[in-house]
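Some structures to go through are shown next.
Both of the next two complexes hold subunit A, though its partner changes from subunit B to subunit C.
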Partner chain A sequence: MLKKTAVHKSCIIEQHRIVVDGKLMWASEPHVPFSDFAKEAFHHLDIDYPKFHKMDALSKLAFLAAEYILQDEDKDALALVLANRSGSLDTDVKHQESIQDTENYYPRPATFVYTLANICTGEIAIRHGLQTENAFFVAEEFPEETIFAYADYLLQSNKAKRVLCGWVEYFQEDYRALLYIF
Partner chain B sequence: MTALKEELKRQIIEVLHLEDITPADIQDEEALFGEGLGLDSIDALELIVLMDKTYGIKLADPKKGRDIFQSIDTMVAYISEHRTK
Partner chain C sequence: MAFDPIYIHDINCVSPLGLDLASNWTQSLAGNCAIVQHDVGRLQNVYTAKITKQVADNLRTPLKDSALLERMLFTAAKPIVERHVPTSRTALILSTTKGNIALLEGGRTADAQLPVLAKKMAEVLGFQTQPIVVSQACVSGLLALSVAKRLIQIGQYDDAVVLAGDVVSEFVLSGFQAFQAMSPFPCKPFDKDRAGVSLGEAAACIYVSKEKGEFKILGEASINDANHISGPSRTGEGLVQSVLCAEQEANIDIKDIDFISAHGTATLYNDEMEAIAFHRLGLQDVPIHSLKGYYGHTLGASGLLETVIALQCMRAGVFIRTKGFETLGVSQPLNIIQRISCGKINRLLKTASGFGGSNAAMIIEKT
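Take a look at the complex of A and B:
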């Protein structure tokens, strides 16, 4: 099975900081809402991708982590294997609130489309043109053995040349992304 | 009519999260979908919700939406004629 020593590159986003291979890439003022942090981090990338602003928080987090870690990387046959604890619960709650009141029943299509955890893998795939294997696991803690074993399987079976994998967790302002490239 | 156009543009920008776009950037006759603002199918559904929630207009036939959502001009004309709020 793959070991952490086989990690080619890593990216961590937590506490308003984005770190790639131990190097601080971006940090915002502490205590700003995640939406502001994400917007600033996105503008720091200086890319033209209006769809970013329509994503839910989980997808913004995954998108940013992927964007920072994939800079100058070969994306040919790159597979995606992600996991988190809360699934899409943050957006599920928002959707539920929009249909709670039968007298004011206006479900938002743009919210509803993000009520699946693996939508964030789709956003990464669309952005980087990946037509490869992808998987999303929901687990209480980072399922390192499962993720690394699955990545190993994809590489050994030639289903992928490289694998972008890791943890992308967001629920009500509490967030952490930890991505690796094998 | 001008006030309604301004109001509608502001609502569209807010509802569709059109970052860095102001009402002045949206031309009245400009195509909202395709080459214009580049809106997509989910945006179209959001516009249907906006019409219902804000103006009390229920669009049951999606084919009608294609004509109504052509531009700000066509939306305002439809809203002016059919609004219940």
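Take a look at the complex of A and C:
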């Protein structure tokens, strides 16, 4: 099975900090809401990608982590395997709020589309042109053994040349991204 | 590296048409459709394939307070785990898009998390390993079967029970309505008058292992369109690549495929995308059906449910027709099965596509 020692690169986003291979890439003021942190981290990247602002928080988190880790990386046959605990629950709650009250019933397609856990992998795939293998898992804690074994399968079967995998969890201001490239 | 093949040994399903494989098969042969008008929460007279209260009364109940989805999953999986008792090397792979999402109505947010459902199911079904949840929109069910195959091939497990389920909820219905994707009549896959999906609820279960069995998984793949988060690729690129990759692993000629079980949701864009993809692949003459006209779109269950029925078609040597289809309404010709007929089916191609640009394809051979 793939071991952590085989990791080519890593990226962690937590507590207002973005760290790539142990190096601090960006940090915002502490205690700012995630939306502000994400906006600032996005501006720091200095890229033109207006779609970012339409994404839900989970997709923004996944997008940022992918953006920082994939800088200067070869994206040919790069598979995408992500996992988290809450799925799309943060946006699920927002969609539920829009239909909970009969007097105030306003389900919106722009919200509903993000009520699927794997939309964030779709956003990364679109941004980086990854017409490759992708999968989304949900587990209480990062299922490292499963994800690494799955990544190992993709590499050994030649279904991918490299694999971007890891954890992207967001629920009501509580967030953590941990991505690896194998 | 070439891996040892993985085999399918046992299949089962639960739907409004029946609570086991035999009854679902009989109903499919008879051409019966589960899609009728139902009230779902405050949404009235919506065409959906929902389990009625009378049918639900016959579902097995693992725990006193089990939700409908849990009872459906349990009813689908219980006979399978009785025949193939899980060991410390058996995986449970659960596929669902929304799980018990209706719990949000009562504010039970923590209980709506998918790992809570998975743990419950693993416990009542007697699994010794931590359950694995796949949640990849409408390809979840078929992808979960690939995940089982892959994890066994890489040596993580010896065998696996793949279990898929989703229920019709106001949560999902309201969203599809907001998308204007709901059909005002029972859905009509690939038809010129198709006007969207009919949602349905179901559970399906498949047991796979590395021991030789009735069906052999020849190849599979799940490749993203990288095009749009809610619309399928206009060229069908991800689906084409998924089928090509599955074919390459299967090491067969594409002409050796006898039968296609398509996704066929009956939305304008999905069916058109599939027609383009199958045409690009040279599969336009292969008999093809969609089962959405019987069961509706059962989301995270659909890929596995439709595989179960397709495998039963292979066992019986019967092509089930595409319910709801009358006149071809896609730009490329397809050999849509319009009449139930008999014939030898050695190799099946099952496909699925979904939000997030996801696609999945699997080629299965009768051994």
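The definition used in the following text is that the second predicted complex is superposed on the first by the 182 of 182 C-alpha atoms of A that agree within 3 Å, B and C clash if a C-alpha of one lies under 4 Å from a C-alpha of the other, contacts with A are read in each partner's own complex, and residues count from 1 in each chain.
Here, a residue touches a chain if its C-beta (ideal position, glycine included) is under 8 Å from a C-beta of that chain, and two chains touch if they have at least 3 such contacts.
Quick caveat, the model's predicted, so the values are computed rather than measured.
By the document's definition of touching, both partners, subunit B and subunit C, reach A:R108.
Of the two partner chains, subunit C is the only one that A:T146 touches; subunit B does not reach it.
Contacts of A:P50 after superposition: subunit B is touched, whereas subunit C is not reached. When both complexes are overlaid on chain A, the residue A:L116 reaches subunit C alone and has no touch with subunit B.
After overlaying the two complexes on the shared chain, residue contacts for A:S86 are found with subunit C alone; subunit B is out of touch. Common to the subunit B and subunit C contact sets on subunit A are residues 107-109, 113. Interface residues of subunit B, counted against subunit A in their complex, comprise 16-19, 38, 42-43, 45-46, 49, 52-53. By the touch criterion given at the top, residues 50, 53-54, 106-110, 113 of subunit A touch subunit B in their complex.
Residue ranges of subunit C in contact with subunit A, taken from their complex: 1, 3, 42, 97-98, 101, 104-105, 109, 112-115, 118-119, 130, 132-137, 143, 147, 150-151, 153-156, 170-171, 174-179, 221-230, 237-238, 241, 245, 249, 355-358.
Listed in rising order, the residues of subunit A touching subunit C in the complex are 1, 80, 85-87, 89, 92-93, 95-96, 99-100, 102, 105, 107-109, 112-113, 115-119, 121-123, 125-126, 128-140, 143, 145-146, 149-150, 152-154, 156-159.
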